[in-house]
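Can you keep this structure in mind? I'll have questions shortly.
A, B, C and D are the chain letters, set down in written order, and residue numbers restart from 1 in every chain.
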Amino acid sequence: MLVKDYMTRHPMMGDPGMSIVEARHYMNENHIRHLPIVGDGKRLIGLVSRQTLLVEPGRISSLDIWEIAHHLSKMTVSDVMVRKEDVVTIDPDATIEEAARVMVEKKVGCLPVLEDEVVVGIITETDIMAQLTAMMATRIPGVRVTIHMPEVRGELARLVAAISAQGWGILACGGAPAPREPGKWEAVIKIRGVPRGEIVAALSQIKGQEIVDVRETD
Amino acid sequence: MRQARDIPVLRVENLAISYETRYGDVQAVRDVSFEIQRGDAYSIVGESGCGKSTVAFGIVNFLGRNGKIVDGRILFQGRDLVGRSQEELRKLRGDRIAMVYQDPMQALNPTLRLGDQLSEVLIVHRGMARSEAEDRCVHMLEQVHMPDPANVMQRYPHQISGGQQQRVVIAMALLNDPALLIMDEPTTALDVTVEAAVLDLVAELQTKFDTAIMYISHNLGVVARVSDRVGVMYAGTMVERASVSDIYLHPSHPYTLGLMHCVPKLGMDKSSSYLYPIRGRVPSPKNLPPGCIFEPRCDFARKICQEERPSIREVEPGHWSRCHFAEQVLAGELQPLAHLLPNLEARERSGEASKLVLNVEGARTYYDAPSTKLIGGEKQFVKAVDDVSFSIRKGQTLGIVGESGCGKSTLVKTIIGLEKPTAGTFEFMGVDISTPVSSRDLDLIKNLQMVFQNPDSTLNPSYSVGAQIARPLRRFKTVPRNDVRDEVVRLLNMMRLGENYYDRLPRQLSGGEKQRVGIARAIAGRPELVMCDEPVSALDVSVQAAVLNLLLEVQNEMGTTMAFIAHDLSVVRFFCDTIAVMYLGQIVEIGPAEAIYAPPYHPYTEALLSAVPIPDPRVEQKHIRLMGGVPSALHPPSGCRFHTRCPRRSLLPDGGAICETTVPPWQQVTEEHRIFCHIPLEELYKLEAVITIDVEEESHVG
Amino acid sequence: MARYILRRLSFMVLTMLIVSIAVFLITEAAPGDVARHILGQFASEAQVELMREQMGLTQPLYVRYFDWLAGNDWRHSRLVDMPLTFVQLEGQQEPQWYAVAEDGTLRQWRMEGGELTEIRVSLDGARERVPFDNWQLDENGEEIFWGVDTAGHVVLWRRGGAAVDTGAAAAGRTMTESSGEQYLPLRRGLLRGDPGISTRTGRPVGPTLVRRLRNSLTLAAIAFAFIMPIALVMGLAAGLREASLLDRSISIFSLVTTSVPEFASGVFLILIFAFWLKVLPGAAIFVSDIAPWQDPKLLVLPVLTLTLVEVGYVTRMARASMIEVVNAPYIRTAFLKGLPYWRIVTKHAIRNALIAPITVIMLHVNWLVGGIVVVESVFGYPGLGMYLLDSALFKDVNAIEAGAMIMVTVAVGTQLIADVIYTFLNPRIRYK
Amino acid sequence: MSVAETTPSKTSEAPAGTQRKWWEPLTLIFRSGVGTVGLVIIVFWVLVAILAPLIAPYSPLAQDSTAINQPPSAQYLLGTDNMGRDMLSRLIYGSRTILLLAPISVFCSVAVGTFLGLLGGYFGGLIDEVVMRILDAIMAFPTILLYLIIIAALGPSALNVVLAITFVGAPGVARLVRSLTLDIRTRDYIRAAETRGENPFYIMFFEILPNARGPIIIDSMLRVGYAIFSIGTLGFLGLGLPPPTPDWGGMISEARKYIWTSPLGVLWPALAISSLVVALNLFADGLREESTRYQ
């Protein structure tokens, strides 16, 4: 699960000479929120998002309305973009959770993926969401069980052992500290092809673990 | 949802391109629309002159001084390329859009080292330092499986083989990780086994780099192998576009349907099936019919087709067609007219069939190789044909297949008397013919005639059609002097050309028509044996069928014996009774047509069959690829000549050491079927069939 | 490569041999008698006969050819029974033939007042005249002597032989002697660097030829230095922009200038620059063989004439080649690689475009040579061409032969150079 | 290629059933502007040559000792030369000489060269080797030297001028025809003829030659230009036609002596010969350009 496997290859890119109007139009038409600005050879020069294209008033406050229109039509993305030094980027060989961490820490929604300064792809929140979706096998029908267990080593293994004792397979599995319940761990298990009742019956046998949510997805 | 999942890498809308000529503007491409998704392979298929290359060059804005885009949009990653400045487009070319085209030898600069040509892509676009760029190039050459890449960087283009040149060109195109790769007939100049390897490479790189590929080809087999979706072009416009299986199995446009009928499927033969040619010829771009452009050639044409030009519409989801009656075609409700079928009733095989017409034993034709030394040095020979034996019976057709340089043409030239044999016995109807044509008597010459490959050079441009057919009639005195003209007209009619062709000059004929005149000229003297040297390989597929049908008719009517050289295994399978497979001047397998295409195979036959592109997406072929290139005929390998590339040597104990030292034996499979190999027949019998068709769904086409 | 050059050089030698034989044969076949030509219409038959003998024309053709090629002193020294030598002594304008006596002194003989005199030149250059008395007996018992005369012949003298009355011959240049019975002109032969004596001027061909050649080479070199850069730049530029206005102007200009014969364009230039504008000297005031670079102005018009005619040809070659290259698929590749225009031109186009013209241009040296002859003739320039023209009109075999040899060397040599350059420009044809 | 693919091919160009005449390609010349200019000048000179006796005011040999080296006047439109002969008449008659000799000598060299080229190109091998070696040797030889030697040996006369130009020109033609033959020989229709057992000379003259005629014709046009160039040069060098035949080259050579007194004397013949050679080259070049574009 590396960035290079989940990023969008050959992303749409703009060049620094693009006018702001054109860039905005381009992004709207193609429903994209971030546009890496590249020079020859796809070398990263900067990044614009829809917000950066909304030109801050301070820049143009001194102008009258006609001048603004004129000014806007002459402005290019290179005037407003986040410059290369300030763009948060990531390496294609980084892990996907690292990408997520960077995004969270830097509060950005998108990371251009760079290899030797060259944009080889782009990874966005959406991509990571998609990854999460895939990890949880959201699109495959099955029974999704949420279980709370003590945050102790070996608890998840017990759960898994119980499932395998039944001869069932695990479609997806994930875990995180339980929200608002310190000391507890929340695990989500997805099992395919087994009736809901049987699963509940089998899993409720495990001591110290508690089924908090069961739902069938399709 | 990923970023802009639904934005295609390339979207072409209503593209029209025209050329300024001294006769006014000519619209080469009209109303072409299609789109290519990220990582998809999209093929544009069509016959020569249909404008498919023009579309490609339009996308990269390389239309020459006189070409221009007159209408439409070309959206690359959502941005329109039409009207962008040269400098902007330059930055895209070689970086985000790359192109590979036919004839790699021509595509590389002969005076620059390959390393310089490769690395400059990186140096120019990325401003990379030379040494770093070169390291990258070596790495890329490794990814296209180029042997010894560091060494290749130092070489000049002429120092590597054609297949390797194409690998270099592909590597060059991929250096900057383009989003779109346009390939214009990239394998047309290559031999079939090399072609297969290059196609494998393309498929591999496509997934590795997630590159969208626009693949242009005239070869239906290649298209079936490489593409996900296909657009069919005819006379400058796109007539149908759909997924590859729809195009091949459920075509909805009569032209596509016609194309599918034209090519023999591997496994078809002349006794059980017909080829349906498309009549007429492609209209010139400045002289289009007012209605549907295909109407003059269409078997289903109605009145509305003459009056109203159809626009392209979606017939079923994802399947677009430019035909008024697409639904009916799709439903198979329309059937082609019967008059196009060859007249094959007269097939009679009397007791003569067993008579040997041609018997060749131990044939050898060597050429002197120019000595590399100034004085002295041992005399060297190119062993073009080396110990070949076969025979042809009356009324039968022998097919000779093999890659270029295998000696098939030399063999035919030797028989016809244009080359002097070095050794061997050549008997034609019991007469020795190991003499050059100049010392043969007229009767013998008359009985041995030839049909040539290239329609553009088969006729002398300076003489009229009639004069050229009349010449052999006069020379061989086939008919009395006064009847010559009548006989020529009879032959023209037989070729379905008609008397009004008598006074035409070759330049007024299309390729197929020229080839028919060539056939008429060859059979004018009523020869016993006609040698056909790739008679259809230079023709468009729609014309191939007509010419093949004519040859069949000639054979049926006149009982002519034929030898048929070809590299297209499907055509040979269709046309020939017996097939000989040649490799490096020798026959490696010979036998009845159906036997050649089923185990036991000679390992080379097996490799050829696995490489041949088959115009049917359902076909599964075993993946057997030959390593290295064909060795020089100057110093052929010892023992079995195929041992340097044979993928089946492992079937022999100790890895086939015997193959390197001992000439293999002829193993008799049946009386007629022989294989020239060390591997025991039992082992060869165990080989699986190379080609299997997933016939769950029998198409209504075949 | 060395082997290849060697082979070409041997081919060149062969060509020269064939050419020299051909020239010999043609001049031989030509009507008219050289001796009569020299002596003029009023010379007596006897004089002409003697002249023919002294020039060696009475000998068979093949003997003359070999004498010309390889010399004959080594053959004739047996007659004299002394080694012969060809030296230039102090106080003499040109080298002369001498017999070398055993003591190392040089000898010549001369009939003076009916008596044969021996001229002895000692090692220190002192000259003394001694009456001759060393007659030898032939098989008939008569007293004869083979010696070397002062005009480079081996002569057979007979004691008491009367001098033929040569009278007052018109040109009389070689006819210093008439006393001997048999004359054999001495030659060192071309292979030893001696092209012989000019029958037209009576002086050795060699020195004149060297001066003339130097003048012609000066002219050619200056013209070449102008032609090449101008023509290549124009041709390549025109080819790059085929069918543009620039291309059309260059094409028509070059076509017109090449088509106008040198003598016509020379005349036009003289009229314009010398006659009407009066800015340059017009013609033919070269007083001696050495003049051209003493007054560079004199060179301007000849060079300009040559440049005009030749520049067009080279331009057209370069243009055609450039057009072919620009349309080559590898240029399309370069374009599709996204290279900037000038990089395509400089890195990919020019080198390939130069390959073809270089060979053709070098082959064109033949034309340049022809042009030089005409230009020299128009401007009265004392070059090789004028010399050859005059010699040809006079049927001066030795001069023609020598000139022909030089020209063939130049022609074949430039071809060789062209081929060598070609192999370096085109890696496809590197000789192994 | 993209262009070639779409520009209408000849096949689709010619309407079915109609035959094009052999001369039709020649009309292409009118598509080329400069080519037409060339043609007009050529036609002008040809007319002048044909009509010489009608339009020349005087005999080219008639001397008027009262008018020597005269500038143009009403009596002598272009002036007179050093022997009092009318320049205009001499120019007019001079066109006859040159327009007769040039085509004849070109025809001879084309005939000889074509034969040798076909021979070498078709048979190849030893014949080719020998023929080409000899021709190469001739070509390696500076043209001017050949002229000098040939004319010097044979003496200046019309016949010898023709001989010299034939001798000098034939190797070039032979090379061209040989290379065309080598190309055409590989065509399938030649092999078809061979498989019919045709005589080699039939193949050379009836199968190969007709298809080589285009380039040969264009080359001949260029050669006529060169021949005029050469005849002029020979005349100028005193190797051309013996006086008093009116010969442009010779006229320039004569008049050059008086260039300081009557400059127009050299100007007229120089203009005449230049215009003719330029016209021929323009014509040939235009023809070649158009025919290659037409291919």
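As a working rule, a residue touches a chain if its C-beta (ideal position, glycine included) is under 8 Å from a C-beta of that chain, and two chains touch if they have at least 3 such contacts.
Remember, predicted model here, so these are calculated numbers, not experimental data.
The central chain of the assembly on a C-alpha centroid basis is B.
Among the remaining chains, C is positioned farthest from subunit A, on the basis of C-alpha centroids.
Between B-D and A-B, more C-beta contact pairs are found at B-D.
Computed centre separation for the pair subunit A/subunit D is 81 angstrom, with centres defined by C-alpha atoms.
Chain centres here are Cα averages; for subunit A and subunit C they lie 88 Å apart. Chain geometry summary: the mean Cα position of subunit A and that of subunit B are 49 Å apart. The residues of subunit C that reach two or more other chains are 329, listed in rising order. Within subunit B, residues 62, 91, 95, 124-125 each touch two or more of the remaining chains.
Residue positions of subunit D touching 2 or more other chains, listed in rising order: 1. Going by the touch rule set out above, the chain pairs that meet are A-B, B-C, B-D, C-D.
Of all the residues in subunit C, the ones that touch subunit D in their complex are 15, 18-19, 23, 26-27, 29-31, 252, 255-256, 258-265, 267-268, 270-271, 275, 282-283, 329, 366-367, 369-370, 373-374, 377-378, 385, 388-389, 392-393, 395, 400, 403-404, 407-408, 410-412, 415. Residues 60, 62, 65, 90-95, 98-99, 101, 103, 106-112, 120-121, 124-125, 156, 158, 169, 172, 372, 374 of subunit B touch subunit C in their complex. Within the complex formed with subunit B, the subunit A residues making contact are 8-13, 15, 17, 26, 29-32, 39-43, 116-118, 120, 122, 124, 126-127, 130.
For subunit D in complex with subunit C, the residues that touch the partner chain are 1, 34, 137, 139-145, 148-155, 225, 229, 232-233, 236-239, 249, 252-253, 256, 259-260, 263, 266-267, 270-271, 273-274, 277-278, 280-282, 285.
For subunit D in complex with subunit B, the residues that touch the partner chain are 1-3, 5-12, 14, 16-17, 19-20, 31, 187-189, 191-192, 194-198, 200, 207, 210-211.
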